[in-house]
Amino acid sequence: MTNTQVTHIQIDNYGPWTVTPEPRREVDLQTLQSRLYADLSQLFGNRNGYVFFTRFDNMIAVSNGVDMDAHALIQESVSNRYPVTMSLGVATGRSPVTALGTATELLQEEGSAQDKHRREILKGRVIDEEFRQPDDVQLAHFDVDNATEKYTDQLNEFDTFINIEQGYAELMKYMRHEHNSLSFFVGGDNIIAVCPELGNDAYQDAVDHVSETVNVQLKVGVGQGKNPADAGMDAKHALESCRATGETVELDF
Amino acid sequence: MTNTQVTHIQIDNYGPWTVTPEPRREVDLQTLQSRLYADLSQLFGNRNGYVFFTRFDNMIAVSNGVDMDAHALIQESVSNRYPVTMSLGVATGRSPVTALGTATELLQEEGSAQDKHRREILKGRVIDEEFRQPDDVQLAHFDVDNATEKYTDQLNEFDTFINIEQGYAELMKYMRHEHNSLSFFVGGDNIIAVCPELGNDAYQDAVDHVSETVNVQLKVGVGQGKNPADAGMDAKHALESCRATGETVELDF
Amino acid sequence: MTNTQVTHIQIDNYGPWTVTPEPRREVDLQTLQSRLYADLSQLFGNRNGYVFFTRFDNMIAVSNGVDMDAHALIQESVSNRYPVTMSLGVATGRSPVTALGTATELLQEEGSAQDKHRREILKGRVIDEEFRQPDDVQLAHFDVDNATEKYTDQLNEFDTFINIEQGYAELMKYMRHEHNSLSFFVGGDNIIAVCPELGNDAYQDAVDHVSETVNVQLKVGVGQGKNPADAGMDAKHALESCRATGETVELDF
Amino acid sequence: MTNTQVTHIQIDNYGPWTVTPEPRREVDLQTLQSRLYADLSQLFGNRNGYVFFTRFDNMIAVSNGVDMDAHALIQESVSNRYPVTMSLGVATGRSPVTALGTATELLQEEGSAQDKHRREILKGRVIDEEFRQPDDVQLAHFDVDNATEKYTDQLNEFDTFINIEQGYAELMKYMRHEHNSLSFFVGGDNIIAVCPELGNDAYQDAVDHVSETVNVQLKVGVGQGKNPADAGMDAKHALESCRATGETVELDF
C-alpha cells in the first residue's frame, strides 16, 4: 500500500517581490525560478526525492526519505543563496492528493502566500524511518508515442507543443479526479504521475481516455519503491520495456 | 506593423541521449534542462531577447536584436559547457506563427530532431539593423485576477495548478488560432503572449473567451518595442496599471 | 585522534579538451570550472563534506561521512550534466597529507591525468560507519585581522590581493611542512586548514610565523567533529569568539 | 598603445553578512561565491569582457567594450537573483595598475567595503566608442611546462598545488612591480596577465625570474585586441604556437 510523502514548497510573498519597487526584468525572474528549481531538484534528488516545477512559485516534491532536518537544511541553503525565502509544508497519506491537501493546509493555516510577515514556515510530519516500506511510492512515467516523427519533425514547434499540452491537460485532470494522482509535465513529451496503489487497468483506462478525448497516444511505465528515485528509475525501465515490446502499460513490480 | 524575429532552439538528438546507455536519473535531467533554460534566458536576455521554456528540449525565443553572430556564440557557449548541443533556426515575419513556422522548417529540412548526425545547425535570417522598428515586437503579459486569494490560499496546490493550467491551455489555443499569437506560461499565474499587431478588442475577446469557457479571470498589459525586453517591460507596466485602475486590458502604446 | 577522509577529484583529460579542436573561450571555461565547483560544494556539502577548489581541474574534498555509493552518485550526476567527466580517489589517514597522498596515488596508478582512456575512475576506501569518531576531523578557520580597514579600504584591489595572497602562500607551505595540514584559500581573507590533531601551540606558531615572515596578522578558530560540516561550523564559532575576545587562537573543543 | 578598461567589483558589506545572524554554512558561501563569479563571467563575457575571481568578494574585470549601461544592467541582474548586491568602479588607463587604482578609489570614496549604507555604487568612465583601438588590450596567457608529467602525475595534489602556487605568487608580484601588470590564476597551471604595452623581452624576463626564484618553468602566449575576448583568444593561439615550436614567448601581433 502506498504511503506518499509530499512537500509543498512555496516562495514567500513572491508576487509583490516581483514588482517591488518596479517590475523586475522577466529574464532575471525566469533565471531565478529555473535555477531555484534546478537546485531543489539536486537538494531533494540527493536524498532520493523528486521535485516538480509546477508553477515555479509553488512546487511539489515527493519527499519519502527526506526527514524534517533535511527539509530545514534545504530551506536554509536556499535562503543563504537566493534573494527570496521559501516555506515548506510536509505531509503523508495513502493518496498523494490527500497528502498534498494536508501539506498545503499547513501553510495556509500560517497565513496567505502573500502575507508580508509569514516567512520560512517549516511544518509537518514525515514517515518514521521504521514505518517506511518498499511500496510507499508509486510513480508512472508517461510518454507520447513517436512524438518526434508525428509532431516535432512535422509541425511548427508551437503546434507540436499544443498537442503535447492538450495531452497533458487532459491526463492531469483525469488522473486527479479518477485516480487520485498528481501528474506533472517534465519536458519533451514526458509526464510523471505520483499515484496511489493503482493497477494495470487504471493506467490503461487513463491512456485510453487521453487517446479518445484529444487523440494523443501515450504509453506508460510504472515503478514502485521506498523512495521516488527508486520508483522513478523502475518506471523508466518499464517504459523502455514498452518501447521494446510495444505494450502500452508496463508495471515493474 | 510587427516584425517578430523568432528562434527555434532544439537540443540535438536529446531523446536517445536521455536513455543511453541506461535511463539517466530524472533529477539530473531536470537540473540539466532547467539550467540550460536559465542560461539561455541570460544569453538571449543580455541581448534584449526573451526565451520561453516550452518543452525544454525545444524552446522558443523572441530574438529581435540578436544577430547571427550572437546566435553562433550562444550555440558555442552551450556546447562548451553542456553534455548536449543544440540547433538553432531563425526567421522573421509579420506574424509570430509564420516566423516560427519558417524557423522550425529550417531545422526540419536538415533532418530529424533525432537524427544522429544532425548537430549544431545554425540557419536563418535576422532583421537587418537598418530595418528594425520601434513596433517590431508586441508582447502581452496576462495575469490571473486574485490568484492568491481565490486559489493559492484556498485549494491544495495541485487543484490551484489545474485552474491556472486550464486557463493557460484555453488561452494558448485561442490566441494561436484566432490571433496568430504564441502564448507561454512563465510561472505563477502569468502568461506572456508574442503577438502580431493586435488592438484592444482582440485582447478583450481573448480574456472573455477564457472567462466563458473555463471561468478563469484574466487581465492583460500590452507593450511594444524594438526588442522583447522593451516590449515586455512596457507590458509589465501596463499590467501594473490594470492593477491600479481595475481595467482588464491596458495597451502601453 | 583525527582520521581524515580525503577525496582527490580530477577532471579527466581536461588539458587537451580545453584546446580541442580549437582553444575554447576562456569565459566559458571559467564558467564551467566554477559551476562544477559550486555543484560539488553542494553535492559533498549535502552529505556534510567540504570541497576546496584548489586548481579547479583538481579539487580536494574532506569527505568524512560520504560513502563510496555517494561518491559514485556524485560522479554520475556530474557526467550527466557536464561535457567532462571526473575521477575520484578516496583515502583516509591520521594525517590529511598522508590521506591525500594515498588518494592521489590511487588515481596515478590508473594512468596519467591526461590519459585519453582513463575515465571516471572511482577507487578507495572510506571509514566504516562504526569506526567514525566525533574527533575525526579537525578544521581551522584562519582570517586576517581588519583586512577591510588595513587593505580593502586603502590599497588598490590587486595590492590588497597580493597581501592576502602572500599570507596564504606562506601559511600553506608552513602548515604543510611543519604541521601536516592542508590549507585552502576560500575567498575574502579566509583560509581553511584541514589538520591532524593539533593544539593551541601549533596554531599560535603558524600565526606567528606568517606575521614574522610576511607581516600579515591572522587569527584562527578551530573546531572538531565527526564530519567537516560540524568541525567547520565549530571553527567559525571559535573565530567569532576570537573577534569578541581579541584572542588569536581559539579551540572549540 | 594599450588603454585598459578595468572594473572593480565589490560585494557590498559581505563580511558582516556571512556571519549574520549566525555564521552561514561554508558550502553555501562557496556555492554563492563561485556561482556569482560564473554569472559575471558570462555577463561580462557576453560583451567580450573577462572577469577574474581574485578574492571572490572583490573581483577584477577587464571591461573594454562594456559601457556604463551594460554595467548597470549587470548590477541589476545580480541584485535580482542574489541575496547580496555589488558595487562597481570603472576606470581606464595606459597601465592596468593605474586604471585599477582609479577604479578602486571610486569605491573607496563612497565609504568602506563594510559600510552598511553604501550599496550598489556605480561610478566611473569607459572609453568612448570612437576612441577604442585594436591594441587597447594586451593579455598574456602563461602556462607551466609539462605540469601533468612533472607534478600532477608525480606528487600528491597538494604538493603539486604548492608548486603551481609558488610560481603564481612569484609571477604576480614580479609582473606587478616590474611590469605594471595584473596576473590572475585561472585554474590548472594557467595564469592570465593583463598588461600595458610590453614586448618580448619583458615576458622573457618574467619567465626567467620565476624559473630562477622558484624553479617553475613557464611559457607565455600574448595577444592584443580591441577587447579582452579577442586579445585572450589570440594569446591562446600564441600559446599553442609555443607548444608547437618550443618557444618560450610568442607574441601574436
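The chains carry the letters A, B, C and D, assigned in the order they are written, with residues numbered from 1 in each.
Following the convention adopted for this analysis, contacts are C-beta pairs under 8 Å (C-beta built on N, C-alpha and C of every residue); 3 or more make two chains touch, one makes a residue touch a chain.
Chains and their UniProt names: A, B, C, D = GTP cyclohydrolase III.
The structure displayed is predicted, hence computed values, not measured ones.
**Q** Would you identify the chain whose Cα-based centre sits farthest away from the centre of chain D (GTP cyclohydrolase III)?
**A** A
**Q** Please tell me whether B-C or B-D has the greater number of C-beta pairs in contact.
**A** More C-beta contacts join the chains of B-C.
**Q** For chain B (GTP cyclohydrolase III) and chain C (GTP cyclohydrolase III), let me know how many angstrom lie between their CA-based centres, rounded off.
**A** Taking the average C-alpha coordinate of chain B (GTP cyclohydrolase III) and of chain C (GTP cyclohydrolase III), the gap between them is 43 Å.
**Q** Using mean C-alpha positions as chain centres, tell me how far chain B (GTP cyclohydrolase III) is from chain D (GTP cyclohydrolase III) in Å, no decimals.
**A** The mean C-alpha positions of chain B (GTP cyclohydrolase III) and chain D (GTP cyclohydrolase III) differ by 36 Å.
**Q** What are the residues of chain B (GTP cyclohydrolase III) that contact at least two other chains?
**A** Chain B (GTP cyclohydrolase III), residues with two or more chain partners: 25, 28-29, 31, 35, 42, 77.
**Q** Connecting every touching chain pair, does the picture come out as line, ring, star, complete or other?
**A** Here the contact pattern is complete, since every chain touches every other one.
**Q** Which positions of chain B (GTP cyclohydrolase III) touch chain D (GTP cyclohydrolase III) when the two form their complex?
**A** Contact set of chain B (GTP cyclohydrolase III) toward chain D (GTP cyclohydrolase III): 39, 42-43, 46-47, 73, 77.
**Q** Along chain C (GTP cyclohydrolase III), where are the residues that touch chain B (GTP cyclohydrolase III) in the complex?
**A** Touch residues, chain C (GTP cyclohydrolase III) against chain B (GTP cyclohydrolase III): 24-25, 28-29, 31-32, 35, 76-77, 79-83.
**Q** If we count contacts the way the header does, which residues on chain C (GTP cyclohydrolase III) are in touch with chain D (GTP cyclohydrolase III) in the complex?
**A** It is residues 8, 10, 14-15, 19, 23, 25-31, 33-35, 37-38, 41-42, 44-45, 50-51, 53-58, 60, 97, 100-101, 103-105, 108, 112-114, 148-149, 152-162, 164-166, 169, 172-173, 176, 182, 186-189, 192, 229, 232-233, 236-237, 239-240 of chain C (GTP cyclohydrolase III) that touch chain D (GTP cyclohydrolase III).
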